[in-house]
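What follows is chain A paired twice: with chain B in the first complex and chain C in the second.
What follows is the complex of A and B.
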């Protein structure tokens, strides 16, 4: 232990701790066993005076490592905030007195639990280092925007408005993307009544005249590498010229590809030019420019038009999109208005199953169309037939419950958006796995070839784990978090617009602003040497002892964020600003060479070691609980608040993520006489709740083999249990611990007591 | 006196629900000084009262825990609860905002030990559970409340209970003389994230919410499904406590209706689909679920969830705007009358329990904004340049689900950051 560490232990006697526990004994333990240089008690440690007492020791006594034995680490966080000090918390309130009955016969075991929590808090802080910002990056105020459609342009303008620079890389010759072909857009301000100018020309001119924005058209990202704050990107132009740039963060606004309507022969697409997609109708409307819209086959003015909603969408048929593209209902309404505006007598019929016009703007616009006498008919179109110069649309009228048809001059297919994204780094291999859900998803992708990824990479990242952003479903790169929609599995790279989820241009512009916020934040955090969400502010990052490394590559494979590359000798290359500090690499490392300054094999391992394990005949088993700090640990806290009893034998250690759990902690605890181990991580399947995406899944996978270890030790496999626990499991989480106590009671104490 | 340091480089966020928290945290984590105001005594807003989120069926408290930890750790963020804006004056980069803070009667040194709660005896309707249960006059709004600090109900002030609470507190954290205060903050930009309230179901007279015990709203049903809620997670009828196995959901209750809310509240279809899983999970094959709807709006990838729900809950979908609900006096069952528009069949269907998928209404009525903002007919804030540096975030801008609200709030944070960056640049 370094000489410059000075340890202060502080024990709160408030909230009943003093009445329920012998705190003088705790103080003695902190001093003698915990090796604190000083230890003080206070009747209300979180009060201004209590905090000042600690601060005085920091200022006057040189204390820089503080152990606080009081309430849960989730409580009074603001009060116990000492910058540049290592801090551990022994949870005496929720963890001990609130989860144990206040009776005489329980007094001894309750005190023993508190004694251990103080030992553990001291052990943890003794092995903690104070993380220092690495100073690896300077603030790089330059954001790369891949894609020059509405989303990309808006993102660049937002970045510029914040005082940063942006570079747009657009593969086409012009900016504007698909929206540049659109005649009018759905209104974004009230009254939501008439189609409006798309504002694309205005956007283009604002982008082109903005001195903070550089635009490369006919260009693509040929290669990218690095990390937030120092992305090094090679931009290749069609001319053959290549340019290199350094960027703080990347916004991927690669947009969508129009669905290929050739997959819809039943609607006569391709058989007659009078069946067009919604995007193709925009071209006809532009050509007409307010005059009569003419049908392509013979130039006849359109007197009757039918819109077929969900064309090739919301369908599990081969070649169709299973999802709803979201924008098509209001687009058809807008397009029906094109006809009505010029010729109120034109028959415009929208054939739909569910009309999806959410919010105030959507519903107002829908009503405006009804006032303009656009006809909305709930019907399922089965076929479009072209004959004798007109189109017959056959459909099942769902209101009258009968098969019927209508004739018209023009049919508009409301076709959807296919995400324009690069290959999924985690795409399942072609042979489908036997798991039902994965099998289902693979089957779905096989059945819908246009949904599957283009082989062409968008970002060409030189990452160990693939060239592009991982997909969620159907080729979209959206995150799976409801509460954190900009969560990304490639730190510093944020998707926006229809490559993320299907959307219209108004939503895409809002989305661009959100992605720009996250991009700026990522580059700022990189400059500070801090992690981004969900451990924003964390200065620690993985360090590894190269001499011990066996180049097994488990860390580079298991990192949920693709943060670790490999060098020529296949040693891991950690990229600080890409790292999210979950510790999955630490958990993955079989030779224990990876650690964080304030979270390491030792900070947890020494806590396990510090617990007093009574002998075999004591009838006092010890159960180690490793609990995810975001879900399981709060669940246990809240269980205690509700008065749930938790086994007196349990000793709970919060972990950053179950993925960070080193198998050595489990084997060491069993070897040193613990009777049971309970591991609590988050849900790990398709609907995962692990905030590090794959951390919990990785842990479960690793721990599936722990049975072998137990057998080698000649121990019952029931002694280790792994669970998925949610934050709401305030009854179940204590029960799982109590169940382990019961199991130990049944199978007997561990034979490995000293 | 509450000390709040605010300058024209400070961002003020009004509303501490999921949108306001997000906007505040995103800005604060980018290094900006942020003051967050919340009218309730705790953060989290309506989201904290939800049992599960669609479409993952995960728990809102999971994300709330992360957001609250972010808030606890960030020194750039100052949170004021029980706070409301009374006035806004000024222009972008320089606003003066009047703030009224209502008394909490409990000081920051509260340890949440619970002694005051144990000491008092008076009980009131628990607003966290929409009045479906009672809470004490000294209370912690819910177990994850942030700040983790007790509140005294103003109605006990002056009573014996108030004195008992004060006497019970070992830490002198109770201040019965707290009279609230008024502050003026100088800020550069304002994010308006005041969210929504459920539409008043009493106003939908044909549905008899005020007359028929077994007609409840979707927000109440959400509390009922929560194992930590008023019924311990049991789906039971308010009239007689009988298990509710045959449950009907009525869509667009108050939404898309000229007599009520003009707009589509967007979330109700998905919320109902989610709630059908509560019924299916509770009763398995005995669950009998009906959804009366106009359009099922399961937009973009939510379509997957719609398909999954149709398959797993075996809910019946009836395209119909229910005309009226009557009560079968013999058994308390609500009887739904209307026409199934698919085939034009009249029906009179009896159910154990009816859940009104209640619409979202802006929290702040159009005529009660403390500042003039461009609003649409429905009362949502428009993305209008004339609003200056006052930016709507989340449901204050339109009926949005959580994911879209957070997305929108993240963008709103940037708009505010742009303003204070400009101010900083000019001053530099």
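What follows is the complex of A and C.
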């Protein structure tokens, strides 16, 4: 393969590069040191002409490895897009000229920096291979939907409409889920005035009559294995029958379990049948079917009803839900209208602390209820007492700041949603918890979510890292509420609806559409051998040298996506389609046997080696910066655009994720005379920003022991610094590098220079 | 307490919100308040109010009839319209405050010796006589609002201003006897009487 490589170097002299730098010298470096077979300069490389020049070399000269020395690798991505070619980018614009002052005394160091970036770009591309699709999967146009509620049915319909087949597995005897019990739903179209039909029956009939959709009720997923494009699933039916199917992707729409109101004795739940939850009220409303709603105890027509918002929610009390379920305020408004519709004189009071009506109908629907004379009182309910056929609701009026009470016939508790999800693969085992209690130690890991009542597995995955989707918080299976909706931490398996985050049925239907699109995308990408989010389109995947593997299992444990299983011989089994290409396995491997075609220990290691390290007496230190290409690297680019100065001694190498950083890069660089190393990854805590969820956290854990390495080398521990950098840190990121330059200035140059 | 007040209590019992809606000018807006508190925060005199508008609305919904109607809060409103401009729900808060004050006065519940209430009465009485405000008479009646001795004192204090206005023909001393009226004074009086009749009929009907 190495013999087939033909290298072409291209230097852009536009955007001021030509004026600020000696590009002829850069060309010579690319040819002599960088060993490019040919090197050309162009005044505007990203123009149609410039791109054509490169394309001509690819077509006519057989160039298949291209080094472009121009702007940052994050700029002009569309222009410099050459399929089936290995490509590296030397960042001369943002990395050099824009982040260095244009003065005579800086000319020398600026040129040196550019020289090094060209050397690094050449070194990188020399060790790159052209990624080839794995060919492990074919296009499998069949999506499995776990859960036959509104979310699941909508997802199946979306999938079918896109020309794919869908199979719904529903554990109950009927489709519809909780929404099937609901009397009327919040309107979804203007005017948002009256509750409307839930349309669940319509949804069910559309699903049942769709020839692309297969429905299994009274069924569950007994086992699932494989990867996107080739999920192999065993569906067990109550009848004892088992079916096997192959699916391209999976959508988990397992919904929610209603919060158990028996945890709320203070609201007299369970003591009197006249205190009901919002879901139970739907049943009463269905029974009344437009007639007067009667209270369960004695059948009296309800003349006064109180809605207690946030019942057992948004509270840190034991057994309560710490979060807001999001749907209950609008639901209570809707239910108050049930009473008003039938009897305008009925006293309906909504006792709330913060009324939140998310979604399109929200504010208008709230107003409509106010017009119908539903009373909204800002009050915190402390107790409900049942006495003499009446209910007394004691609350603190938060506007008038006084304790007061009201009497009514019926109390509705606005209780929340508990996710119906499987056990968290990363939950601390029970024994460990006991130990913690005894030892009095507090672990950094999040405690097992108390609200997760379901311990029964939903997906029964045969993955090395557990049977179900990892929880994000409170048992919900998402990987980031804001940045990557529907994405879970298992590639090709998407979560939709209230198992992802609490929501109402309208949001669940939107969610279903989103997850269906994601599932189809995953299926197609798997067939093409490409990665999905966040490195969508990446063809490279991890490979390993089996001879070198010591079966230490770090890769299988550290993979944030559970992509790596073990084969019968206990070697890692990289399921390419399950991989997100972050490289955390590569960074974890102590024997450096894992690599990607275009990203490996060498592509970075050789860049580090390629840098010219001047001797100790030159007073020109070298600082290696390993920056996450998702956040820290663009932050540095943006800093350069804003004219922030970055130390002339720094040499920045972008990495796929800080998790992919191999400790060998750090020891090698220190051994070869670098004076400092700065590592920049993403935020790693509960509110993490790492695109690969756990990559940055893994890196921080590994690097926490780097101090020992430094001490062994007899180096100051300050020479290596690890930071969490956000994409918005355009002032701080350069400052961190400049701080390292200052530190090196104080503690002196590295003694390892030759 | 007036007889009308007793009738209203009988009529509405605990449904004070409905009473306000039916009898107070712009009262139908009270139910639309969403308790954000922007009105209270915007009121330049808010800190002098026992109950700022947000609280008044809450008290109405909570059925605190006596407390609301005997309160002097709505009498503190200076009609600056800050609250109306800022209310996200578009409630005509200033008008509601005046409406509540008027209704309280009609029921005989308005606080005694409330200066704004007194001024409002003087202004009204002055206005309806000739269909226009007689500034000289209104000024004088304000001086003597709190008794003869104090009236003299205030008048002496304002002497220089008064003389200045006379000199620049800003004030006609002859207005003190009679004063001039609107063109069709009879018509004006008829109009006021008719309006009063309509209003009384409405309230009477509401009182059952």
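The rule is simple: the second predicted complex is superposed on the first by the 724 of 754 C-alpha atoms of A that agree within 3 Å, B and C clash if a C-alpha of one lies under 4 Å from a C-alpha of the other, contacts with A are read in each partner's own complex, and residues count from 1 in each chain.
Operating definition for what follows: a residue touches a chain if its C-beta (ideal position, glycine included) is under 8 Å from a C-beta of that chain, and two chains touch if they have at least 3 such contacts.
Predicted model, so just to flag it, every value in this text is computed and none were measured.
Enquirer: Based on the shared chain A superposition, would you classify chain B and chain C as clashing or fitting together?
Expert: clash
Enquirer: Tell me which partner touches more residues of chain A in the superposed arrangement, chain B or chain C.
Expert: Of chain B and chain C, more residues of chain A lie in contact with B.
Enquirer: Classify the contacts of A:484 with the two partner chains as first (chain B alone), second (chain C alone), both, or neither.
Expert: Only chain B is touched by A:484; chain C is not.
Enquirer: Please indicate which partner A:689 is in contact with in the superposed arrangement: first for chain B, second for chain C, both, or neither.
Expert: first
Enquirer: For A:518, select first, second, both or neither according to whether it touches chain B, chain C, the two together, or no partner.
Expert: A:518: touches chain B, not chain C.
Enquirer: Just to be sure I read the superposition right, which of the two partners does A:323 touch: chain B = first, chain C = second, or both, or neither?
Expert: The first partner, chain B, only.
Enquirer: If we overlay the two complexes on their shared chain A, which of chain B and chain C does A:377 touch? Say first, second, both or neither.
Expert: Only chain C; A:377 stays clear of chain B.
Enquirer: Just to be sure I read the superposition right, which of the two partners does A:590 touch: chain B = first, chain C = second, or both, or neither?
Expert: After superposition on chain A, A:590 lies in contact with neither partner.
Enquirer: Looking at A:62 after the superposition, I want to know if it touches chain B, chain C, both of them or none. Which is it: first, second, both, neither?
Expert: Neither partner.
Enquirer: Check the residue A:404 against both partner chains and state whether it touches chain B (first), chain C (second), both, or neither.
Expert: A:404 contacts chain C only, not chain B.
Enquirer: Considering only the stretches 4-12, 22-30 or 40-48 of chain C, report the one that runs into chain B.
Expert: The listed stretch with clashing C-alpha atoms is 40-48.
Enquirer: Report, in rising order, the residues of chain A that make contact with chain B in one complex and with chain C in the other.
Expert: 355, 367, 378, 399-400
Enquirer: For the complex, give me every residue of chain A touching chain B.
Expert: For chain A paired with chain B, touching residues are 14-16, 44, 46-48, 71, 74-78, 81, 158, 161-163, 188-192, 314, 322-326, 352, 354-364, 367, 378, 398-401, 472-474, 476, 478, 480-486, 501-503, 507, 510-514, 516-518, 520-521, 524-525, 532-534, 536-537, 630-631, 634, 638, 641-642, 682-683, 687, 689, 691, 726-728, 730-731.
Enquirer: Would you mind writing out the residues of chain A in touch with chain C in their complex?
Expert: Touching chain C from chain A are residues 355, 366-367, 370-371, 373, 375-378, 397, 399-400, 404.
Enquirer: In the complex, go through chain C and note every residue touching chain A.
Expert: 17, 31-32, 34-35, 54-55, 58-59, 61-62, 89
Enquirer: Given the complex with chain A, which residues does chain B contribute to the contact?
Expert: Touching chain A: residues 18, 26, 29-31, 47, 51, 53, 56-67, 69-70, 72-75, 109, 111-113, 143-144, 148, 170-171, 226-228, 256, 262-264, 266, 295-304, 307, 319, 341-344, 374, 376-378, 380, 382-384, 398-400, 402-404, 406-408, 410-415, 417-418, 421-422, 425 of chain B.
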